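A short write-up of the structure that comes next.
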Amino acid sequence: MSEEAQVLAPSSPPSDSPADDSRKTPRSLPPAAESPRRSSFSLLLRPLTVEKSRYDALTHGRKALLCVDDISVSFDGFKALNNLTLVLDEGELRCIIGPNGAGKTTLMDVITGKTKPDSGSVFLVGDATDLTHLSEHEIAQRGVCRKFQRPTVFQGHSVFENLELALPGEKGVFQSLFARLSGKQREAIERILETIGLTDQAATRAGLLSHGQKQWLEIGMLLAQEPRVLLVDEPVAGMTHQETERTAELLNSLAGERTVVVVEHDMEFVRSIAKTVTVLHEGSVLSEGSMDTVQNDPKVIEVYLGES
Amino acid sequence: MKTRTATILLSLLGAITGACKGPGSEAAPAAPAESAKAAAATSAAAAAPAPKADDTGPIKVGILHSLSGTMAISETSLKDVALMTIEKINAAGGVLHRKLEPVVVDPASNWPLFAEKARELIQKEHVSVVFGCWTSVSRKSVLPVFEELNGLLFYPVQYEGEESSYNVFYTGAAPNQQAIPAVEYLMSAKGGGAKKWVLLGTDYVYPRTTNKILNYFLKSKGVPESNIMEKYTPFGHSDYQTIVADVKKFAAGTPTAVVSTINGDSNVPFYKELANQGLKASDIPVVAFSVGEEELRGIDTKPLVGHLAAWNYFMSIDTPENKKFIADWKEYAKAKNLPDADKRVTNDPMEATYIGIKMWAQAAEQAGTTDINAVRQAIGYQTVRSPSGFTIPMDAKNHHLHKPVFIAEIKADGQFQVVWKTEGPIRAQAWSPFIPESSKKIADWTFPWACGNCTEPKFKTEGAVAEK
Amino acid sequence: MMQLFRALLVALVAVTLAFVREARADSTVLDASGLCATEGTDVARAVEQIAARRDALAARVLSAMLDGDLRVDASGAPFLAQRGDTYQALLAGSGAAKPPLRTPVVDNQLRRQLEPAIAGLRLSVADDDIRLSAAEDLAKHRNDELAPLVRKALQSEKNAKIREKLSLALAQVDLSSDDKQKRLGALAAIKSAADATFKPDLERLLLKDEHGVFREADADVRRAAASALGSIDSRVMLYSMVGNLFYGLSLGSVLLLAALGLAITFGLMRVINMAHGELLMIGAYATYAVEKFFQAHFPAHEDLYLIFAVPAAFCAAGAVGLLIERTVLRFLYGRPLETLLATWGISLMLIQTVRLIFGAQNVTVANPQWLAGGVEVLPGFVLTYSRVAVILFSGVVVAFVWFMLQRTPLGLHVRAVTQNRDMAAGMGISTRRVDSWTFAIGSGVAGLGGVALSQLGNVGPELGQGYIVDSFMVVVLGGVGKLSGTLAGAFGLGIANKLLEPAAGAVLGKIAILGFIILFIQRRPQGIFALKGRAAEVT
Amino acid sequence: MSAALTRLEPVLPKRGWAAFGAVALLSILLVPALNSLSPSSALHLPDYLVTLFGKFLCYATVAIAMDLLWGYAGILSLGHGVFFAIGGYAMGMCLMRAIGEAGVYRSKLPDFMVFLDWKELPWFWRPMDNFAFALVAALAVPGLLAYGFGFLAFRSRIRGVYFSIITQALTFAMMLLFFRNETGLGGNNGLTDFKQIYGYPLHAAGTKHALYMLSAAGLCAAFLICRFVTTSKAGRVLRSIRDQESRVMFLGYDPTRFKLFVYTLSAVICGFAGALYVPQVGIINPSELQPSNSIEMAIWVAVGGRGSLIGAPLGAFVVNGAKSWFTVALPNAWLYILGLLFVAVTLFFPRGLVGALSRIRK
């Protein structure tokens, strides 16, 4: 749970959420905005859609789904991403690794619209719209979904309600004022509950779930969104061995139908799930390929594996 | 009653839904207005049987001054002086052989609360009279309540005039009892012969109206527009650097006077800035209408020596009545253990409160009852020997006190030294002759005129209602 | 700065004493009883007579009269009232005062007569400073009677500054002289001084009468007058710009002092301290209490109270802050909106407490002598000592806060705890204690702000209410948690406010500034000095 | 509507409707009925209490609006006095016009304009002659202002305490603006001396009863509207925004729109309460815009209990009732009592009175 929840949740007394780990960091206040939004002025100068030539060059000859094209982001002179280009294929399970500060999380932020890049574009195949112009919820509506490092579920809602909120459909204010639940939707939720193994806890408040269960619930919510691309940020951090194994299983089963991108530190875990691995370093791609290829890449050994 | 309520409710709802045929247009309200008046008349008649006066118990007297909030600073003293006066009256046997029982409420400098508390005093406590209010807005807030419930209010503070109510007696100064004499004084050779005028005030109605009257007055005296500078600051303004520098620039080379209607807390930063930028009273005198002894307690007065104030009373006035008044007050402050008791001062609104209570007590005694209508009639013909050393009458016609005017310079010890005074009390002009709309108006609450803002008598012949 | 003031004060006293000795030597008989006459005209005549003596004793008597320190005994001998109800004879050999002592009444009319008279008398004093101030007084108003005297003084005067003032004083008389050369000379003097005081005189020269004929017949003189007028106008404009900048700076430093405590309690600790204004108020009341104490116990050193008020205010406000933290806030960390509610309640209680102890009325906090007044650096622009002192004081307080945060072990702990309290706790820092101290110091700094405010405005129970919105604006505008941001926010607001005020008026100016802040925060929600990137998110 | 399509949660449970109906009817009818009894009766309610309760009802309506915003969406506005005051001013302007020529100056213009030497009505006063227009303005102007201000603020993702602080700046700036005489709304004195509303004399008992009943009905309506919002899916999204805004965004909802909606709705309700408040208290002036007034509104909600639509009005009644009582009974101690109440509530009853009551029941 992030800090703003602390601030904004007006009256959650401690008894409310025993499993809420964020109480340990009580002092901090959220910055006024989550991230510096680039001045919309520079954004205006850039085209709303991707150039045809770039589109073709990147998607040519492969079953590409999501392309990250030449993205650069800098914070106060520090280059978080440096002309990074990355193409993700349909149905693949991609792991992204890299030392701290390599730009993994920033990459996620750019794809999901949380951070606006200085230059470059992101687009989904079949639609040349540059996603970097869209806001988070619009990107999410296009089927790019994200799972945070720490499980972010709605603690006050039941597991069922959490999933219900995630269901695709009209998400405007007035639709939701008069929204009703159809039988079909109810079935969809029940199916997902089964997938993530929380059928028995459907009516439980999400705040009362264990850490691992919350992770699964979050993944369930992402599934309910029927995503095309699933971005998963360090899914097994803080999990027990058993939970880790189950998560690996879950992620593996998800790939194929949709593209899954996993950012992870745990090498053991990466090895157990990854077919293709991308190594980031100082904001750009250092190496890409199977786990073995990457591990034997001298550059990688030098900057990354060498350290650990 | 029930059905009436229902119809009102329905028609209000009707107005919300079917807007178009509502009596919204200019012409339409005439009819409801008439009915309103008729209803007002009947309800006034219904309310007329004044508070049940049970003839033996104490007489309840309301005191409606803010004891908290921004106005507490000024109004607390008025509450104290009112209590003191009531105590004195009780010690002397009370009124009509009954004791006065003060009912003190705190409207907390909150204007709607003033109206609410006034209503409570009249309807719940059945007080015979209320002494209270300081700011114009608080008076405006309670005015409809007193008029509706036929209450009696004594208002003790100098104000902008332009008002006259059947239910209010004004014991503070109207503009012609304070502002105009002060300006005349500053124009005279003795006052420095000012040619340029800076009208400086806090942005609200009292300064605006006073300055408007002064503007008309100055122009009638041949002061050109370009020689008048009018400036307003927000409430609680505390940075007067720019304004003082502007005054200096404006005044350069010509005898200039500043008329200050700066209110409350802004005075201290204003005077401090004035002193520090070296504007001396002998160069540019400042005359203030809301700075008295009480306000000077919070100011280091040494740099202000020579600046002026115009009031109807000063603590330094040397009369036997005033000596007694001050002694009584100090004794009371000590006995009641008021904060800073040894340094308490008296000022104009306190004197006005004191006069008001005495006047009411005399009138009630004379009328032989506390019935509001009877007492009101009696008050109009009372006189009181005031601490300022004059015999002051209440004007039966316009419900304002006749008051003497004093102009005084600030002394280093926070007191005032009177430099000019009127020969006797002057009559208040409730409606300023300097404002065209007002100049036609006559305030006269005596029968058969009985209207405080009419241009011709309300009752031309006996019994015939012929309002304009 | 303070030293400088003291030095100045000492010099002044020494000069006055020299002056006194000189006066004492004079033993001519002087009957001051005329000064106590009841009729204003009689008093004026008496003043005239004394001034005509043209000696130091006359200067002494008249200036004592102007200051309100003159007493006249039954025999008409003048005495100088001194501290502690003692009287010093101004007339050698007049012995003890014979009661009843009378005090001559001085009003503005008399002051207008006394000031130039005294200035005229002082023109022959040896001390440059006294002569200069006398010449300045004379230059203020046209005074025909003293003109010959001034002319004589000008001839023997060596000091250039005094000469300038004296020639200005003469210029006013000479402007209406029949001699064209004299008029031109006067205009030259006026032009070089470029003092706005002369504008009306110059404009009068350029006026036409009802027949369309220039009042001033001579074209040369008119041209000279127009050029003098032009240089006055441009000078006035420049000075008012300089003035506005200074006013902005001084308003900025007031805002800074008001907001600095909040920058610590809100900026570093994330406590929405609505009682912040009341901590300022406590600082101001502490100043008042120290002043009272000095008045009661060390009346001779009363002016030094302010120096002792600084630590007293810091401790008083700090102690209250500590109490608030220990009893209420420590249970509310991490719930900023709830600290808002609780501290609002606390602020109400503090206001009422002060009201019950000190009364609802404002209390007097006098500027010490060395902070009163100001120096006119440019014509029409006065650098007031109290404002200069507040600007310097704000610098000192900022330096103190910076030093405390950056260079002391406590500061190190504070920074550690605010950056990562778990880690800090793990390293053995008692986070609880650090919290308490930080809040106490933030409150103490607010108390220091109160000391400054007591010198500029009124001290009353509601003092703090007027500053709370402004303080939050400064901190938010500057960027939370950044000292430099608070600095920029305060001065930015102060200067913007003062630049807008002449154009829009005080009320609209203030509204415009608030509107601007609201819009600014739209563009840069994190303030001027915002942290960017992930660092900002991690905090 | 097929059986499978179900609302997520009923607006009120079946028994809830019955209870609500009973309470609503009682609150609407009881006070006027008791007031209509003969004054000699022991149960007679004095007249001044009718307007007092009417005022409380308006405050309670504001509290509900605040609670919708703060308790459910987690947005603490410290500037809701603005919307309340604007609603009040719209009604006040209409009532001012209704005075017609019965004012002090017997002029067609409101008295303060004659005072200030104005010759004609400013443009924004003109349509206020129309009662229906004024009513619409009392709702629409606060709504539009909230929409505009909220759009800017939420789009820039200002939230939490920052939002609270800039709303405080908003109300402060508005207060200064309304204080100005040039603004054309009566300056410091505001609008007062009303005589009639929609043709009915304001001091007549019938009008007072009608206004009281309208206020009570308004409170009930506000309760139902807010209840409708909070039990809908939108309400759930709002609570989600309060707890986890970023997750809501990544689920494809636009939090800005939801916040804007609830902020605007809450402002409209406040405007409505303000419009009913003014004819009952008889004055509207800029002191309603003081930041402290807006903070007090938050206090009502905190005292009653956030996130419970019953708690908020309860808090408004308790705090204002205490204020009315203690300012008479213990004028000097009043601020202590109020202050202690806030501190105690935040420290010991973070869920307010409702939370405390439910804890006791358990």
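Each chain carries a letter (A, B, C and D) given by its place in the written order, and its residues are counted from 1.
One rule holds for everything that comes next: contacts are C-beta pairs under 8 Å (C-beta built on N, C-alpha and C of every residue); 3 or more make two chains touch, one makes a residue touch a chain.
Predicted model, so just to flag it, every value in this text is computed and none were measured.
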{"item": "B-D or A-D - the one linked by more C-beta pairs in contact", "value": "B-D"}
{"item": "Chain located farthest away, centre of subunit B as origin (C-alpha)", "value": "A"}
{"item": "Per-chain Cα centre nearest the global Cα centre, belonging to chain", "value": "D"}
{"item": "Distance between the centres, which are taken as Cα means, of subunit B and subunit A, whole angstrom", "value": "70"}
{"item": "Intercentroid distance (Cα basis), subunit C paired with subunit A, Å", "value": "60"}
{"item": "Whole-Å gap separating subunit A and subunit D, where each centre is the average of the chain's CA atoms", "value": "42"}
{"item": "Subunit B and subunit D: spacing of chain centres that average the CA atoms, whole Å", "value": "33"}
{"item": "Contacts with two or more other chains, residues of subunit C listed in rising order", "value": "270, 336-337, 352, 356, 507, 510, 521, 525"}
{"item": "Two or more partner chains touched - positions in subunit A", "value": "7, 10, 29, 32-34"}
{"item": "Of all residues in subunit B, the ones touching two or more other chains", "value": "67-68, 203, 234"}
{"item": "In the complex with subunit B, residue positions of subunit C that touch it", "value": "40, 68, 105, 107-109, 111-112, 115, 140, 195-201, 236, 240, 243-244, 247, 250-251, 254, 352, 355-367, 372-374, 376, 380-382, 384-387, 456-462, 466, 497-498, 501-502, 505-507, 510"}
{"item": "Interface residues, subunit D side, partner subunit B - complex", "value": "32, 36, 46-48, 51-52, 55, 98, 100, 102, 104-107, 112, 114-117, 129-133, 135-136, 176, 179-181, 187-190, 192-201, 203-207, 209-210, 213-214, 281-283, 285, 287-288, 324, 327-328, 331-332, 334-335"}
{"item": "Subunit B to subunit D touching residues, read off their complex", "value": "1-2, 4-5, 8-9, 11-12, 15-16, 19-20, 22-26, 29-33, 35-37, 39-40, 43, 67-68, 104-108, 110-113, 115-117, 119-120, 123-124, 135-137, 140-141, 143-145, 148, 162-163, 203-205, 208-209, 212, 234-235, 435, 437-438, 453, 468"}
{"item": "Residues of subunit B that touch subunit C when the two form their complex", "value": "67-68, 70, 72-73, 76-77, 189-192, 203, 231-234, 236-239, 241-243, 245-246, 248-249, 252-254, 265, 267-269, 272-273, 275-278, 280-283, 285, 294-295, 297-300, 302-303, 305-306, 308, 338-340, 409, 411-412, 417, 419"}
{"item": "Residues of subunit C that touch subunit D when the two form their complex", "value": "270, 272, 274, 328, 331-332, 336-342, 344-349, 351-352, 356, 465, 468-469, 472-473, 476, 507-508, 510-511, 514-515, 517-519, 521-523, 525"}
